[in-house]
Amino acid sequence: MADAGMISEREDGVERLRLGFWRENPILVQALGMCPVLAVSNTGVNALTMSLATTFVLLSSAIVISTIRGIIPRQVRLACFVLVIATFVTLTDMAVEAFALELHQALGAFLPLIVVNCMILSRIEIMASRQPISVAALDAIGMGAGFMLGLVTLGSLRELLGRGTLFGAQVMPDRFEPWQVMQLPGGGFFTLAALVIGFTLLDRSLKRWREVPA
Amino acid sequence: MFGLRPAFPGGVRLPAVERHDSDALIRQMAFASLLRLPLRQHAGAASVAVVQPGDEVMRGQLLARAEADTAVPLHAPATGRVVRISAQPDGDGAAVGVIELAPAAGDTQEEITGRPLDPARCSPDELLRAIGDAGLVGLGGEAGSTHERLVRARAGGARVVVINGIEGEPGQARVPALLLRHGPDVIQGLRMVLRVLQTERSLLAVESHDGEAAGKLVQTVGADCGLTLRVLPPRYPQGAAGLLLRSLASNGADLNRAEAVVFSLATIAEIGRLLSRGWVMTDQLLTLSGDGLDKPGNYRVPLGTPIAFALAEAGARGDVERVLLGGPMRGKAVAGLERPIVKATTGLVAVAAGSAAGVPEPMACIRCGDCVTACPVQLHPAELGLLARRGENEAMFTDWYLDRCIECGCCSYVCPSHIPLVQMFRAARLQQRRLQRLAGEEVPA
Amino acid sequence: MMPSSHLLSLRGAPHLHADSAVPRLMLHSVIALLPVSVFAVFLFGLAALATVAVAILACLLAERVCGPRSALGDGSAILTGLLLGLSLPPALPLWMVAFGAFVAVAVGKHLFGGLGGPAFHPVLVGRVFLQAAFPSAMAQAWVAPLAAGRATELPATSLALPFLTPDAPYDGISGATPLSALKAGEAGEPLLSLWLGTVSGSVGETSALLLLLGGLYLVYRRVIDWRIPAALLGSVALFSAVLHAIDPERFPAMMTALGSGALMLGAWFLATDPGISPTTRRGAWLYGLAIGLLVVVIRQFSGQAEGVMYALLLGSALTPHIDRWTRPKPLSEGVEE
Amino acid sequence: MTEQRGGSGLASVLRIQGVLVAIALSAGLAIALVHEWTRPMVMAQRGGLLGDAALEVMPGAASYRIYVRSADGGLRPMGDDDTPELFIGLDEGGHIVGAAVVGSGMGYADVIQLVYGVDPAAGRLTGMRVVASRETPGLGSVIVDDKDWVDTFTRIHLPFDGEQNLRNLRVRSNANHEQGEVDAISGATVSVVSVTRIISSSLADWLPILKAEFDELSGGDRG
């Protein structure tokens, strides 16, 4: 039924869920989708909205592509993927604009730009177009959660240091001097670098910790 | 300044040279009890021994014959007996034959006399042959066969003889000695070279601290052989021929670089001194310097004299820690004091303990570019140093022209981080030469 | 008696070395900055002293934490701290000073591989970080020159608790530096006090004259390449003179443009840092010219009153390219004998 | 690699096109449906943000009508796809009490969008609110946060030269509001100048239109 080129070994969905969240984390390990990561991670709310939107687009696209993976001709598969992804992005964009105009303004052009988020296209190409719906969906959820983990951590940190608040609530002392640079793209770069270092160290020590009893 | 400017790029200004009357002194050095004469003493092919162990030889007698174009004949520096002929490693580690000669004790050691030549009456070819037979090599550092060089210069149409009166290394004082003590020899030698090349034009270049001595010489005798004088501001390494020509050209000398041929003052003087008396090359004029000597100065040293003997004669103290063949900028530190003075030796420096100590640890390159400014051939030592540290020798040659390095040491001299740049370059070039030799040997096999 | 061979030390040529060494270069730079530092303390009192001292201490601490042990002695951390301290507003909370100094050395220097590694001047990295992180403090922490009581007490804002905004308001002199006053359309300082430096401004950026003298000292000592400040100041003079000729109303005169301490500090002490400037002489001219042009463009056509800092950053980004364009062509002829 | 699995060449091409067209059509349909559904909500929200600001800068206004410039240079009520350009303020009784114009231009960091109220008859501004900006927090953001400064815009008169031509507003410290001068704020030079420039250039565009149309509009309203 499917084109021979599209068939690959069936993966374990639960394993994919785990991998996407941690070991193959799209932001902290694979460094994918850096454009929205740096641009809209200035506050926790922005980061959360962005990652929810991205996860929604990824999950819906993965389900649709996985469903119709048998009829997509190999030669035009990219065109089909982009068509489906773009549709869901447009829907998301319109929905956010309708229900949360302020958020829509804060996220600016980056909401429509989810179309070109390389993480989505790569998951569709690697997983959704080759795996049954259940695996594709679990993978999308794992990756989306991983994306959210990275982005929300980044956004919270930047908001905390750059504004002294967390998801809009004041948490730092009243006279805290905000580090304005954290709100600028440059601060995004710093924080992301620090986060990647921290993640790598944490992952390494976790591994060591796990190996000790064994 | 004062209309004079060194006009080659880079170089360094070394501490100013002051001349004293004692600089013009030349002392004759005694014979050591054993002279060791390598069959290759210069840049060229080895010569072939014509004596056997046990032979009695007279001072000036032929010991080894030149067979290749680049070889020069070797003569006995002293009357005595050939003790042994053996193969020994030379400075670069290649084996070379060495004639060991024991000077006869109590002999008067007079030079055997050949036919004195007068440049005005000899044919150019006769003179050229005599220069070859005298075993002369370039005495300015390059040390190739003077005969071969003249042959090439004549074939290349050289029109101007440039006498290089610039000390190759700081601390040397051969130039004032030659100008003041060997003036007539310089003029005779110049006449002979001009005759061989059949040209009239010549030019003497000295640095300003020797300007006075050179002026005297040119005034008294130089005018009748068309010798003009150019005094240049001091700058190391102005003695390098290519840089000297650039300096001359931009200091107003009417000079076509393609037509010029450069001889060191010492070579010209030696041609005149030897040929006009019918002598051959048996000794070498050297400046022995350094703070490890009690009697530093110019010495006429018989070829084959062990370094240890020469140093002792110059009053070496016990605390000499390092001995350099040549001078402080380019000189090789010697490992063994038994090595002999040869035709290519240009100087000897004995460094006392303490002054050589405390070589600072190299620090990181701060990319100040001082080495780039100092490099007289306009290489990029900083970049080359980086490549050398990464072991990317290939790129040093293909992209950054290491093959053009003259190893003058300016980069290492100026580096504020004390990075041994030229030392690394030498190592890289040595390795490159070995690789090429390996590749070259594999082809015929 | 003669030494025996086995006692000889072997080492490759050259056996001479010029009298220049990295610590010596650093020492001369510090000496050149002393007059302006003394003047700063005279002008701003304890505030200047504390700012500079804290900056130096924080740099040393960062060097100790991030760098190799031996590097403390080369003097570069002290120089970085001194330069940074001099470039900051006097009443800046001291915790910000320390923070910026730490960023300068830890991020600006050691993240790029330590001495000789950074593509951007660590001082500029620290300064830009502070500017970006705490713009309102950096824009307001000025004090009036020669204020009474400056020798006995610190501005209240200096002593703010770490990471907190100071309780007391900043003095908030309107148009804190002479150039920003001009930019805002206020009357400029008289030319003489501008050059002498009896004006408000960063700790060590008030007296163009003293900085100029310090720079000339460095040139005299051959620590810096005179071409860089010459080209930089020359191009600022040229471009501002041209602009002033076009519209005297809008653009300040040449001597006013040159009389900025920040420009002098940048031209003589920051732009000349060997690590960020080109290695060739031709490159030095180009580099100075480009930075000068950027300074004028940023000052006159952007929101910034003073563009030296950003111009220097952009200029040092140009350095590798300038080095490639001006790479010397090796001489080809043989050079022996 | 040649594609042979899909049967004959022609059939394969047809299949490819068919699938593409099918997907595209379903995508278009989905988008159209959602657009229909969200459009009214979006329009309501959009008018809201600007409209709230407009009410604040027109003293006495309780509601407004939104207009845009028509192709012939006059005014027409805002359509579905337009962005608001001019608000005409109405009081409780439905009488016209003022006008608010939407202006935008480059600030220090990004585009500043603002609404300012103007009374063409009296020749003065009635208020100003910045609606969207990304000025440096703590510095340029005073154009939003500094209530005192924002309030001065209710007092600024339009500057006219001798021949009743509109001059540009200017920024000065110790400004004379009667002469069309705006107060400078130390540390926020660019943002302040930007706001002033945006209003000046917008006024130059709008004042003639407002003068010409205002009487007609109010007349029509009263009539």
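A few points about this structure:
As written, the chains take the letters A, B, C and D, and residue 1 is the first residue of each chain.
By definition in this document, contacts are C-beta pairs under 8 Å (C-beta built on N, C-alpha and C of every residue); 3 or more make two chains touch, one makes a residue touch a chain.
Owing to the predicted nature of the structure, the values given are computational and were not obtained by experimental measurement.
By count of C-beta pairs in contact, B-C exceeds the other of the chain pairs A-C and B-C.
Of all chains shown, C has the CA centroid lying nearest to the centroid of every protein CA atom.
Averaged C-alpha coordinates put the centre of chain B at 86 Å from the centre of chain D. For the pair chain C and chain D, the distance between C-alpha centroids works out to 44 Å.
Centre-to-centre, using mean CA coordinates, chain B is 49 Å away from chain C. Each of the following residues of chain D touches two or more other chains: 136, 138.
Residues of chain C in contact with at least two other chains: 135-136.
Touching two or more other chains at once are residues 180 of chain A. Residue ranges of chain A in contact with chain D, taken from their complex: 3-4, 68, 71-76, 79-80, 83-84, 86-87, 90-91, 94-95, 97-99, 101, 105, 178, 180, 183. The touching residues of chain D, when paired with chain A in their complex, are 3, 5-6, 12, 15-16, 19-20, 23-24, 27, 30-31, 34-35, 37-38, 41-42, 45-46, 48-49, 132, 136-138. Interface residues of chain C facing chain A in the complex, by the touch rule stated above, are 93, 96, 129, 132-137, 160-161, 163-167.
Of all the residues in chain C, the ones that touch chain B in their complex are 1-5, 7-18, 20-22, 24-25, 74, 114-117, 225, 274-275, 277-281, 327-337. Only residues 8-9, 12, 14, 138, 140-142, 164, 170, 239-243, 245, 257, 262-264, 308, 311-312, 316, 318-324, 326, 328-338, 349, 351, 356, 359-360, 363-370, 372-373, 375-380, 382, 401, 404, 406-407, 409, 412-414, 416-418, 420, 422-423, 426 of chain B touch chain C when the two sit together in their complex.
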